[in-house]
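Multiple structures follow.
Shared chain: subunit A. Partners: subunit B in the first complex, subunit C in the second.
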Partner chain A sequence: MRKPWRMVALATLVVVLVIALTPYLWLLMTSFKTRLDALADAPVWLFTPTLEHYPMVFLDKGYLPLVGNSLIVAGVTTALSLAIGVPAAYVFARHDFAGKEDLFFFFLTTRMAPPISVVVPMFLFFGYVGLIDTRTSVILAHSTFNLSLVVWMMRGFFADIPREIDEAAQMDGHTRTGMFLRVLLPLAAPGMAATAVLCFILSWNEFLYALILVAFESRTLTVGIPGLVTPHGTLWGQVAAVAVVATLPIIVFTFLVQRHLVRGLTFGAVKG
Partner chain B sequence: MNLSRWGSGILDRGVGPLFLVPALLLLVVLLVGPFLYMVGVSFTDLSFALPGHDGNFVGFENYRRLMREDPVFWQSFGTTLVFVSSVVSVEFGLGFALALLLFHHVQRRRFVLTLLLIPMMLAPVAVGLMWKLMLHGEFGMLTHYLRELGLLGPQTALLGNHDLVLPTVMLVDVWEWTPFVTLVFLAGLLSLPREPFEAAVMDGARPWQVFRDITVPLLRPIIALVLLLRGIDAFKEFDKVFILTGGGPGTATELISIYAWRVNFRNWDLGYGAVCAFMVYLVVLILCAVSYKAIYWTEGRAVK
Partner chain C sequence: MAVAFRNVTKVFPDGTVALDGFELTFETGEFVVLLGPSGSGKTTACRILAGLEPATSGRIEVGGRDITDLPPRERGMSMVFQNYALYAHKSVYDNIAYPLRVRGVPKQEIDGRVRDTARLLQIDELMGRRPGQLSGGQAQRVAVARALVWQPDICLMDEPLSNLDAILRLQTRTELKRLHAELKTTFVFVTHDQEEAMTLGTRIAVLKDGSLVQFDTPREIYHRPASRFVAEFIGRPAMNVIDGAIAGGRFRADGLELALPGRADQAVGLGIRPEHILLHGRPKEGAQAFRLDVKELVEPDMLLFVRRGALALVVRTKADLAGLDALEPGAEVHLELPGERLHLFDAASGLRQP
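And now, the complex of A and B:
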């Protein structure tokens, strides 16, 4: 490639990266700024950092339990979705039966369903069975979309394992269930780890279901954030502190699963 | 006929398909059941706000009201269509260009790409907040620099102005989701066979010709996939806009999800709200059926 073009390309890339990262950087900085610096007329880029917002909002304002709620909801949803989704994905990858692809399409529609259309009936249903404002309700709600993600991603990972391995395992005297548990599952483990991380992220980031289904003690972190924003006198340092805690783990996770993101986000249609 | 084939299938394959039962059970109990219940509610006058409206059967009254008497619904439907078509086309163009740039000119792609992905991996609520902070009318960082450059009046706030707010919200969406388009296109570009490109270069094709006659046709399934996935997602948009503007000022950014939320959970008009939620679902279901075809198209073709 000719040199001037390379320079143009690099310059463009730098500009793109600056645009992509500055808003987050600004949030990070705001969480360490004093009120005076945060509300200054001209943006302040250099300042003496303060750590006051973090203990203030998480301890004094009681936002720490929300972190726990988010962890529990995302963790249990992930475990549940994997526990029932992985076997289902295996069936889709290795068995043939009438109506299989139609059933698979049904799983797709549950993933694509607009949250607002799902949460209205769920709200009525959970109200009826007395689960409103419990973590259980959010866990179950998140499991619906994560389950289909697991089925879609894991079907692909199982399909990547050559069928000869099945045959070899059966020659060794494994039953079908034994083969699934002792041979295929270990081989699919890296894919399963990536799927788990993606499930965790989607549940951790989710807002609308949690907003409708829980209001008080069981609030997750994302639902807690808007409560800090008021028409006047919003304490932006505290808002930013909560937002940073809600996003930093996700950035770490993104680096971990980057290789599998494409598959997860395109329902297995494109392999990264 | 089908059933008996299914039954004998289970017998000679062992318990395999039984593995599907828990997954199906969960979806039927949590999605299908409540969904049918909602369809039932859509024929009633159920409301938590009005006395006496405790779920009396009203026939198709709610549907008639949606079609004939609710300009706000159709206005928000229109806003949503403008939102979807604008953001998807801009994200498509920018994302594709960026993918080509990374593909042809950048060696340490993985690291750069991961940094680029940060916007779309953050919680949409946090994205909304970050931009609310940057666009704040009094001390917003971006507001300040736009005013310094003379691009924004001293009293104008991007999120408070009736004409500017929708384009602003769209720009935030572009910021958030362009990386997704880049990610998928880059994966697509990396999966293409090399031979057609080598042959074209041997035949003396110019870069633009190669792009038009080889790259784009080979990527066609990916193009369809990206447009549909982004289209469906943009149609469902709620979190970010809810935090940024709450649908306002007035109803300037009231997307259809936000309208359905307002009818159900602000006005507590659940019978009519069920119809609104149902309409959103119908549109997505149609888009979904189309994208399923597109995904199968992809699997049968270039990418594997």
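And now, the complex of A and C:
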């Protein structure tokens, strides 16, 4: 690239970064500001940091178990979606059966309805089977939208593996199950890692289903935040503290699988 | 021990008939080549033998035992794929060792066998590499090593040389012949390349439209092709076949007349290989005059494309034949078609006449 263009590209990058990171920086700062500083009319950039919000919200107000809930919900949702979705994606990639593409499209349509339209019947259903206010209900709800994601992404990854690999594995002495577990899964592992991270993030961030389905002990972290909007005003410092903690696993995971994530998002689903 | 296809038919879901009552029996220890044009069913036959594709009907037998419904792993066969199908996430060593591990060979035995096989294929220097770091020829050798390391009864090869460049293909061809001589393993080799088939096979099965046309030694296939199809498929350039009819002991075609004593009156195709036509500089008893159209030099040979009316023939001769250089397009040449080199094919069925 010629030098002037390089400068333009760099400048653009800086602008985009500022736009993208300023809110996060704001959030981070707010979590260390006193109530007075947080509500100041003119934004305060230099302030004496306070550490009161974190112990206040997580220990005194008992928000720490909510982190556990979120971890359990997102973790189990991811595991469940992969356990069902990965074998299904393999079948979509390798086998032909009547109505295959229709069924595949049907998986996608499950994501087309606005969640709010599904959440009421879901609430009634979970109430009927006695699962309201349990992590199980949230896990099942989150699995519904994650399953279609897994099937769509993983089909592409399996399709990228040449069919001859399946056959070579069988000639080498594997049963069909052995071939899938021992040869194809390791080959699809990078794609699975990317898919898993995406599943985890979507479940971790999800608010609506969790808000409707759980109210007390089983609350996830996102559902906990509105509880900090009190009749005496919003506790911005504590909201920010919870939000900062809520973003941590996502930042960590994204950096861990950054390379695969980009590949997974651009190739995986499209190629299927 | 005999390996047999018994009346095997394969119809794909889209209605394509890949094999149609296919029959073939060969002995273990042979180097069998399945040869045919694309769509002839040769790959399907190989895959059905491997168990990778179920037959629609018919049976596969090995040593009299019906193995039609056995899964691939229980057939004692290995396979080399056209694109090699190496495990990209494993090293060369682990690729070769893999079938031994899967088949539960004791650990202390694995290393020795992997190294022996690698040495046999001259890839012992590459053991630590990944398939992505190998050239086509090296990947091909690794694939062959993986197929031979556990000493299967039969090693199947589906067009294994077609992804290699010309020189490497020749070298690998020779290597395979050496391997077969050394190991005595049964090889079933699928190809559409008649030259590969002729050089490698102890016997060649020629397929057309899902059926076996001829199963013979390369020599027999060359000298006594069972049908016009085989005759034209084997040998480059292809055999000249002239459509005509025999009447009263003479063969007559548009632009050619030949004495063929002792033959019944019938419509036939008269075949002669380009390399069996004798070229004469001047008129000779029994030789026919043709006009030279094009000369092509294929050292050490020369191809002459000649015409006589509507009749066009190809002649293959030594390039250093006296007087050949003086021949210019348009010149008259005299061709002799020796009687013992002629093949007669039925005009309707294309089958060889005895």
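Note that the second predicted complex is superposed on the first by the 244 of 272 C-alpha atoms of A that agree within 3 Å, B and C clash if a C-alpha of one lies under 4 Å from a C-alpha of the other, contacts with A are read in each partner's own complex, and residues count from 1 in each chain.
By definition in this document, a contact is a pair of C-beta atoms (placed from the backbone, for glycine too) under 8 Å apart; a residue touches a chain by one contact, two chains touch by 3 or more.
Only a predicted model underlies this, so the values are computations on that prediction, with no experimental measurement involved.
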Looking at the combined model built on subunit A, do subunit B and subunit C fit side by side or clash? fit
Using the touch definition from the top, say if A:P162 reaches subunit B (first), subunit C (second), both or neither. second
Counting only touches as set out at the top, which of subunit B and subunit C does A:Q170 meet: first, second, both, neither? second
What is the contact status of A:T48 with respect to subunit B (first) and subunit C (second): first, second, both, or neither? neither
Between subunit B (first) and subunit C (second), which does A:T30 come into contact with in this model arrangement: first, second, both, or neither? first
State whether subunit B or subunit C is in contact with more residues of subunit A in the superposed arrangement. B
Looking at A:G85, would you say it contacts subunit B, subunit C, both, or neither? Reply first, second, both or neither. first
How many degrees, to the nearest 10, separate the directions from subunit A's C-alpha centre towards those of subunit B and subunit C? 90
Closest approach of subunit C to subunit B (Cα atoms, Å): 7
What is the shared patch of subunit A, the residues that subunit B and subunit C both contact? 96, 175-176
Once bound in the complex, which stretches of subunit A touch subunit C? 96, 162, 164-165, 167-168, 170-176, 178, 182-183, 186-187
Okay, in this complex, where on subunit C does subunit A touch? 13, 50-52, 71-73, 77-79, 81-89, 98-99, 102-103, 146-147, 150
Enumerate the contact residues on subunit B facing subunit A in the complex. 2, 5-6, 9-10, 13-17, 19-20, 22-24, 26-27, 30-31, 33-35, 37-38, 41, 98, 101-102, 104-106, 110, 112-119, 121-126, 129-134, 138-139, 141, 144-145, 175, 179-180, 183-184, 187-188, 191, 222, 225, 229, 232, 235-236, 238-239, 242-243, 257, 260-261, 264-265, 270, 273-274, 277-278, 280-281, 284-285, 287-288, 291-292, 295, 298-299, 303-304
Write out the stretch or stretches of subunit A touching subunit B in their complex. 1, 5-6, 9-10, 12-13, 16-17, 19-21, 23-24, 26-27, 30, 38-43, 84-85, 87-88, 90-91, 94-99, 103, 105-110, 112-118, 120-125, 140-141, 143-144, 147-148, 151, 175-177, 201, 204-205, 207-208, 212, 222, 225-226, 229, 236, 239-240, 243, 246-247, 250-251, 253-255, 258, 261-262, 265-267, 269-272
